[in-house]
């Protein structure tokens, strides 16, 4: 039933002259979640940024539902269906919470059975943000910024969510809720997601597949269940302690 | 004295039209463009040339002045200004002052250093007087015209910035270009159009101001202080701030010179300092934001 | 080296006073073109410097011209402070300094080596103060720029006008850099005098004129009078018909009806893309004349003192009429004309209709 | 890991907030908070996002001025004291978001801090590096935080982890008696978190520490006392066991506990 | 132990490099080597001192000031009036001028405590303009718009008379520049100076390590005012003349340009900027007295576009320009 949504082939990218990613390939089906794991500095963020068009791409291809994403400028990728939550959140600091959402919002895509994501829907999901609607970006607590970053990606009504450490700085109970919400959105609304996390167990539980990066290359790729069932393998891939 | 109030308002509004473009580039784009006056000068000279050489009617010259300056702004934005956005403010100052110097000398070379004078059409020249309960109100038609243009502009700008998403998209792009682009905002277009409109407004201001303020190649340097005052006092985060600041300064300047002519420039500067010490972020800045 | 004669011409060539510099430089070059560059066996060399109207720069340039270029004569001086700052250099180095523009009365007292070929504001304003009461104007408000020349104009006009039985109801001073004259003019309007006497630096004159008209002051029966700065020949044409009928007093008009002036204006316009010479130009032109004559008189032999001596007392025909360098004050003595703006050959001109002969600088009588 | 002296209620109160209220426009970020930090405490402050934890620290350190309430340090009222004067009295903090001197190297940064701390900050006639004691202290700090290798690099180009370490090193260089840590390990790789907190735990026993953190593994291994803040008010205070089992805390903050230790 | 000594060696940026004394010797020799250019040397030295003063507040502390001419002008008028009314000795006059402008700086430092860059820019500008107006109004005392005349200076130290060639003037200014430069140099390399830079980089953090931010700002602003006053005094004394333009906006703006051209946050930046800017201005305006501003403007634009460092290293112009953007 579900088609391949994202097809990444032999992707290499980096910053300036430095190449960080080498020949990365992966694919993701519609309505599924991919856990992107790896030690520190292995290129997870770089991969996410590359999908969003914020790095310098040296080779390879990215296709989203048949569209050659790698040929599009950064701002055109959002229209093509990418919703990005950058690692440092990057809330627009001179906009209010509401403006942060409305400035980037896009109408939902036609044909979807589910209600489109609007600022109102985001406020329902994070009531905290509704209370802080008129605060400027800088006047939010760390966790509130994280919620806003997620909400801001959702109102783009993307087909693919890129979540870069979305749980950092969130209270445990919100972490739980957010994970549940992501699982629900992908399951019910056919959204796909790539999630980067420091705590693999938390996201493997809600993911379908998993990719592990090391030094900019894919060193493991399989189903999330398999990986979750093999703690020793996980340890080996991710090294230290976990 | 109503006439004085009227003159002050007209003068303030003229300052506003001249400075509002700067409020846009400086406040919204966070770019210190001291060459703003140069665009105003281009607008002024466009009008002078069109009227003197081609006998174009004044009212037609105004939009043309806007277009010429705006176009020039767009071209310069693409070619020179763009790499400057990410530079430190001091580099921006140096760069834009350099451009101003060049513009001043170039204008001098092509147009000569003397004051340019335009002849307004007859219907803008006169003056109407009314007897009101509060005394005689004399309104110069041209000043009335300035007020009308300025009011229309304010409404239009306010609409664009508040009612459309353009304002917030622009600020988003300024805050973080990379992420704004990643979230679907076409940063280049946003900057280009903003800069062009800012320059165009300067050009319009220059065209309107030629009659009242005079026009010679030193215009950009002579009036730089006034632009800065309006923007600093008004704050840079809205359109109404600079408008009110310009009105306040215009009225204070005119009334001060009328009632206490001996104090000359004191009034404006002291008022400015007092306001800035009292409200360091400008009179009407957005609340909060400690920086 | 020995057979060149150097003239160091320091002028504001950029900035707000740039027109002054341009007119004078053009006039000086015209004079040289007309009269040859070799005088008394010496080749004349003109060194032009831009002081951007900063007196300390003027002074440094003068000093450099004297010690490095070994100029024989210093000349130029766009504004009063520049002349004042340079005066000690002239004295110290015994170099004659020919002031071609700056018009505050006291300048010639700052150094015994200063000779002036422009004019002084007291000259122009006193002449006007003599004419005005005879023509039905009894109540006057004065409006001047708040700096040396302006204060001179105000003082001497007022004194003489009151002496002649007139009444000055108010004296307004506007800041030198003043973009909008509205409040001052409104004050004048409310005072309802017979006439408004104005002195502002040329350039600002047009603005005053326009706002004067815009305010309907002519219709309210107020006449505009002033020194010639407000109807500067340089800009008169652009001021439009509103300027018609304005009466001013000055020492020079491009429309001065003399053969010499016609030739001067024609040659000047030809050499400068149609630019009309104004009173600054004539100051530069005559300044060169004074220098040339002094050089001839000393046969190219004398130093600064000899040149100075030869400058004193010169009497010659200038485009403005006969002029005379008073040997005692080293200041210019000249005819002051009363002029009215009129249309002539399709352009606006200050047409002279009365003259007061041989006006000495009244500032020196004290 | 509870090597630090266990603080009992018998220890004197060093820092206390009494009835602190902070309003931003219509929002009450801190609502009548009373909190006592005892000498040698290892005290954790937890609570949902936007509960007002950071705001509380900003109030205590003087970055923000309270709308109402009193703050005392060693019994002295410091409510209106300027931030730098509180630092002089030994109250030091770290920031949730790094606040560093970007044009300095780590060495310069620490030398500046140590000199200022040593009362040399107003001296203008001797060079920054001239004081021997200062330099030795810097060297010691650099080694302790493993920054020796990058001590001559400009701070702005350091990797995030190093910047975070420097942030904490600065606080320790101030020789705190009271240390306020705002999510010190945020952004630090999971494996290095504990190590970092150990440096803090190893501070002299009479130094009091207030820690804000969302990583419950760390909080429970570090704290001997905890305060829970919700919507700007104190929900409860107690020792870790009490807090962990408090149903109200579970409901508003900890959740179902699975996440509290997702190892 | 070893790292400590090594580290202190690095931090002793205060130590004089070999080229520095040579540079100053060259400066002192300049009036002799180029006797015909002593006057411009004098002017460069004065402007350099002014720029060094601005660097203390702008470069080292991050206070944007567009009104630095206030103190320059104060020093100039103080020195001018002192020579005219009290005594003609230059050194005493210089000290008096420094004292008065320092006092003015202390007073004005109250206005710069609050606000953003833009507001500070305007407040400082306003102060300078108001002082200019005051000097204009009290024209009986200051000579008003005609300038202060009759300033006759005595010989420096009772020995060296100011000459027409400007040699004594140049030496006098260079020596004063040197004295203030050395003092400023000490200051910026000291712990005090480090806390200033800390404030510039991150005010919040500076407070959080115990730096009394406001008093530091006030102190350095006051010191800088004194140094600017010294520069103004030099101008008044070596030119024997003061006019209102010492307070003008253009003067504040020029010194800012000069400093930025040379590079902020580096004391030699002010000196280098003064040399480059003044010589270039002098050279260009002697070639084309009418249009030199165009070329100067072009220079500034190119300087910024190409970059200060790269402009000085032409060999990097080609090749490396690719891979710039990320």
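To keep things simple, chains are lettered A, B, C, D and E as they appear, and every chain counts its residues starting from 1.
Just so we're on the same page, a contact is a pair of C-beta atoms (placed from the backbone, for glycine too) under 8 Å apart; a residue touches a chain by one contact, two chains touch by 3 or more.
The structure presented is a predicted model; accordingly, all values stated were derived computationally and were not measured.
Asker: For chain B and chain C, which third chains touch each of them?
Answerer: Neighbours common to chain B and chain C are E.
Asker: Tell me which chain's centre, taken as the mean of its C-alpha atoms, is farthest from chain A.
Answerer: C
Asker: Name the chain whose C-alpha centroid is farthest from the C-alpha centroid of chain B.
Answerer: Relative to chain B, the chain with the farthest C-alpha centre is D.
Asker: For chain A and chain E, let me know how many angstrom lie between their CA-based centres, rounded off.
Answerer: Centres of chain A and chain E (C-alpha means) sit 53 Å apart.
Asker: Taking each chain's centre as its mean C-alpha position, how far apart are chain C and chain D in Å?
Answerer: 74
Asker: What's the distance between the Cα centroids of chain D and chain E, rounded to whole Å?
Answerer: Chain centres of chain D and chain E, defined by C-alpha means, are spaced 42 Å apart.
Asker: Give the residues of chain D that touch two or more other chains, as numbers and ranges in rising order.
Answerer: 24
Asker: Where in chain B do residues touch two or more of the other chains?
Answerer: Where chain B meets two or more other chains at a single residue, that happens at 104-105, 108, 264-265, 288.
Asker: Residues of chain E touching 2+ other chains?
Answerer: In chain E, the residues touching two or more other chains are 136, 290, 292-293.
Asker: Okay, in this complex, where on chain E does chain D touch?
Answerer: 1, 3-5, 7-15, 186-187, 189-195, 197-198, 201-202, 204-214, 265
Asker: Using the touch rule from the top, collect the residues of chain E that touch chain B in their complex.
Answerer: 58, 64, 111, 114-119, 121-123, 125-127, 129-130, 133, 136-137, 249-250, 253, 256-257, 260-261, 264, 290-301, 303-305
Asker: Report the residues of chain B in contact with chain A in the complex, numbered from low to high.
Answerer: 165, 168-169, 171-172, 174-176, 178-187, 237, 286, 288-289
Asker: Mind pulling up the chain B residues that touch chain E in the complex?
Answerer: 26, 80, 83-84, 87, 89-91, 93-95, 97-106, 108-109, 221, 225, 228-229, 231-233, 236, 264-266, 269-270, 272-273, 276-277, 280-282, 291
Asker: In their shared complex, at which residues does chain A touch chain B?
Answerer: Residues 49, 52-54, 73-79, 82, 84, 86, 90, 92-95, 99-100, 102-104, 106, 136-139, 152-153, 156.
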